[in-house]
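Got a structure here, written out as structure tokens. Questions coming.
Chains here go by letter, A, B and C, matching the order in which they are written, and residues are numbered from 1 within each.
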Amino acid sequence: MESIAQLLRLIPKYEAFPQLVQALLPMLVSCVLIFAVLALAVLFAVWLERKVSAHIQDRLGPMYVGGWHGWAQTLADALKLLLKEDIVPASTDRILYKMAPYIVFLGAFAAFVVVPFGASSFVTDLNIGILYVVAVGSLSVVGIIMAGWASNNKYSLYGGMRAAAQIISYEIPSAIAIMAVVIPAGSLSMVEIVNAQKGGIQNWFVFRNPFIFLAFIVYFVASLAEVNRTPFDIPEAESELVAGYHTEYSGMRFAFFFLAEYANMFLVASVAATLFLGGWTQLLPASIAPQILPGPVLFFGKVLVLIFIQMWLRWSLPRVRVDQLMYLSWKVLLPISLVLVLGVGWLAVDW
Amino acid sequence: MKAEYSGEVMTLNMGPQHPSTHGVLRLELKTDGEIVADAVPHIGYLHRCFEKHAENIDYAAVGPYTDRMDYCAAMNMELGYVLTVEKLMGIQVNNRVRCIRIIMAELNRIASHLIAAGTYGNDIGSVTPYLWCFRDRETILDLFEETCGARLLYNYNWIGGLMADLRPGFEKKLVEFLDYFEPQVDNLNRLLSDNYIFIQRTAKVGILSPELAVSYGVTGPNLRGSGVKFDVRKDEPYLGYQDIDFEIPVGKGEHGPVGSCWDRYMVRIREVKESCRIVRQAVAQLTPGDVQESIPKRIKPPVGEIYMRTECPRGELGYYIVSDGGLKPYRLKVKSPCFTVMSAFREVSRGAMIADIIAILGSFDIVLGEIDR
Amino acid sequence: MTPGEIAALLTEGFGSRVLESKPDAINPWSAVEPSAILEIAQFVRSDERLSMDHLELLGGVDYKDRIEVVYVLFSMTHRHRYTLKCRMPREAPGIHTVESVWAVANWHEREAYDMFGIVFEGHSDLRRILCPDDWEGYPLRKDYKFPTTYRDMPV
């Protein structure tokens, strides 16, 4: 954010603006920038999902819209959704109904202010960075419950409650797996965590010791459940029986839920890349090879690999049943993650 | 998973229009939380009065109506009807007709089981097998289209013969397809059947014991999935199936109790491989001939009645025809395998969870056209 | 067992309640008294020589002077098939249910009731299965007149 503040000083007579504006303007610009990056990333991710799913299913996917392999397909779909009639069912709780999609999106969007895209490309370096991410990420649960309740539909309520139960159950193993990284890094700040991984692939936390490697797997699985991806997409496939929390939504509001899901995907992939895969640091140590690609490119490369794996899993695996899902979270992932944290702590202590 | 029911029972409706009910079936579920206390199926939404129509048109015209009962396996529906009337009239067909009928029936069995496997994967959440199965089914449908002009509803089996002979080059394309297809089944097994999550969802669910299955008149892959080795093609052979060498796959309970959803599903997959074997042998037994030589000029069966059954992909299809010596059937009653299996649904699904209802329904592989006629 | 032997076994067990037997027909059958059907059903199911454990088909047939219920039975253990028929007057066709013997009879009898109006005594849930619940008339009867309206809608 400092660089943005510096850029803004280039505006003529910037010092003459009131203090409040001077304080708020960099924040506003950063937020808009993050939103733009996120929106573009989501646009790309939706297209990628359709292409990946198509090739796994032995077909082609979008091919026509925009020319080369249908790259503008998502734009066209977003435009279509924008042009749809804005239906607000009469018996819903209007305020909650309208607010719910934004709050779900907020949960993902607000966490990006601490994610470091590059050595100095981050909005702010909170010293409780990762704790903030986990906390703010839980906001989406509130939004989901709001959506389920406000729809005034028995099935939406059921679906919303189930989704909330799923997300809350999986936050615990994922947070504990994050502890397994915080201990060797010695800090909650995301920038510090990335800095602790500088110097080549062997310094990346995921390769430092087997406990952290397993913690990466636990985090990845738990994060799949956080974002409601198959095999844990019960809230979405709730349409197999009950309708799910976003049935009563149409048009742009529905698009926002969609946007929020992909933004959440990006968030968990970014957190995983930052904590375990070294963030924006490069593969080879600086002594062997100079940094040719800028940090953000490497960062997005890693995020893209993780997102590709998420999509790959979605289109290969069947769905888990609700009770099996809960069993997995509370009786498998939670004990494993506790053991892993103990292991990392044991290794970290200077005996 | 059986449990005691506490609290109130809520009625949930899986209405006639639903992505997972394989047709227009209405399930009235009485649930207590996640557990289903009772699941009552309501049918009749696709009733098209086939049996009444059959009394007003002549025997040859009933043929196209039979297609439309189980539209996923139309060749087998026609075959059952045609064999019943031929038996009543005492018509013998020549070897070419016999072999072609076997080829078509078995190909349609493969196509129907591919639909069953693909849609079952879809219901459980894995979308990819659905597309792989339909991709392979396309080649079968192309073969059918080449022979009789239609992809789904054929009117190919006629009383006394066939509509048309095979086109030149059919056998070559067929063998090419079989060579390509048999490894694809292994692919499908690696993706879906042996998948841990799929097994967890299906292998302890929907247990149908052999005694219950026989009492409810369940037949076909549903019965064989419960461990009962019974197949009309082996036990009461028709069309010369006794001269063809093939195995009857039976559910063995590899991942859970015998008679689970996984067993029934796996019986179908193994049957696909057996059908490939049967088709190869039928192609080898083909002899030249005229496929229309035994078609009578007027189809007027003698007075009497007959019941005959054949093995269609979903079970035993039975036709009961009462003839009064006229040109139209006096009474035509169809015993549809999916009808009997649905009568067992209520018993099997007691105590299951809501997500398991979908798994059980998919494993029974029903087609509402056949249930409602 | 051959159809002749089955027919003999039935007449031996039930005497005059077996009205007529045609074991040489292409589909061997015996006509029995409707009032005896439950006993005969239990007998053919439990007797070891017959053990007809599979009810293949239960259907109604409307002959002009009577309504018949046809039971096509099969034995999984002995692999033999036999048909039983019960004749009833058209005005009030009624017969005892056999759903306690073969569970599948439940749905088959509902269909027979729906299509012919045959009342099965003792049936746990006798209501229409294929037609809507408030349909009038019994469609497969030979004298059925197709209604012109259903719930005031022209059909």
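Operating definition for what follows: contacts are C-beta pairs under 8 Å (C-beta built on N, C-alpha and C of every residue); 3 or more make two chains touch, one makes a residue touch a chain.
In this text the structure is predicted, and so the values were computed from the model without any measurement.
Asks: Tell me, which chains sit next to both chain B and chain C?
Replies: Per touch definition, common to chain B and chain C: zero chains.
Asks: Mean of the CA atoms for each chain, then the mean for all of them together: which chain is nearest?
Replies: B
Asks: Centroid from C-alpha atoms only, then distance chain B to chain C, rounded to Å. What do you get?
Replies: 25
Asks: Go ahead and note the Å separation of the Cα centroids belonging to chain A and chain B.
Replies: 46
Asks: When the C-alpha atoms of chain A and chain C are each averaged to a single point, how far apart are the two points in Å?
Replies: From the centre of chain A to the centre of chain C is 64 Å.
Asks: Find every residue in chain A that makes contact with two or more other chains and list them.
Replies: none
Asks: Counting only residues that touch at least 2 other chains, which ones in chain C make the list?
Replies: none
Asks: Tell me, which parts of chain C touch chain B in their complex?
Replies: So the residues of chain C in touch with chain B come to 25-27, 29, 53-57, 59, 61-62, 70, 72, 76, 79, 81, 83, 102-104, 106-108, 115, 128-132, 139-140.
Asks: Can you list the chain B residues touching chain A in their complex?
Replies: 12, 14, 19-20, 34, 121, 123-128, 131-132, 135, 191-192, 195, 197-198, 200-201, 353-358
Asks: Okay, in this complex, where on chain B does chain C touch?
Replies: 43-44, 47, 49, 51-52, 87-88, 212, 214-217, 228, 230, 235-236, 304-307, 309, 316, 318, 320, 322, 330-331, 333, 335, 339-340, 342-344, 347, 372-373
Asks: Give every residue of chain A touching chain B within the complex, in rising order.
Replies: Spelled out, the residues of chain A in touch with chain B are 53, 56-59, 230-231, 233, 237, 239-242, 315-324.
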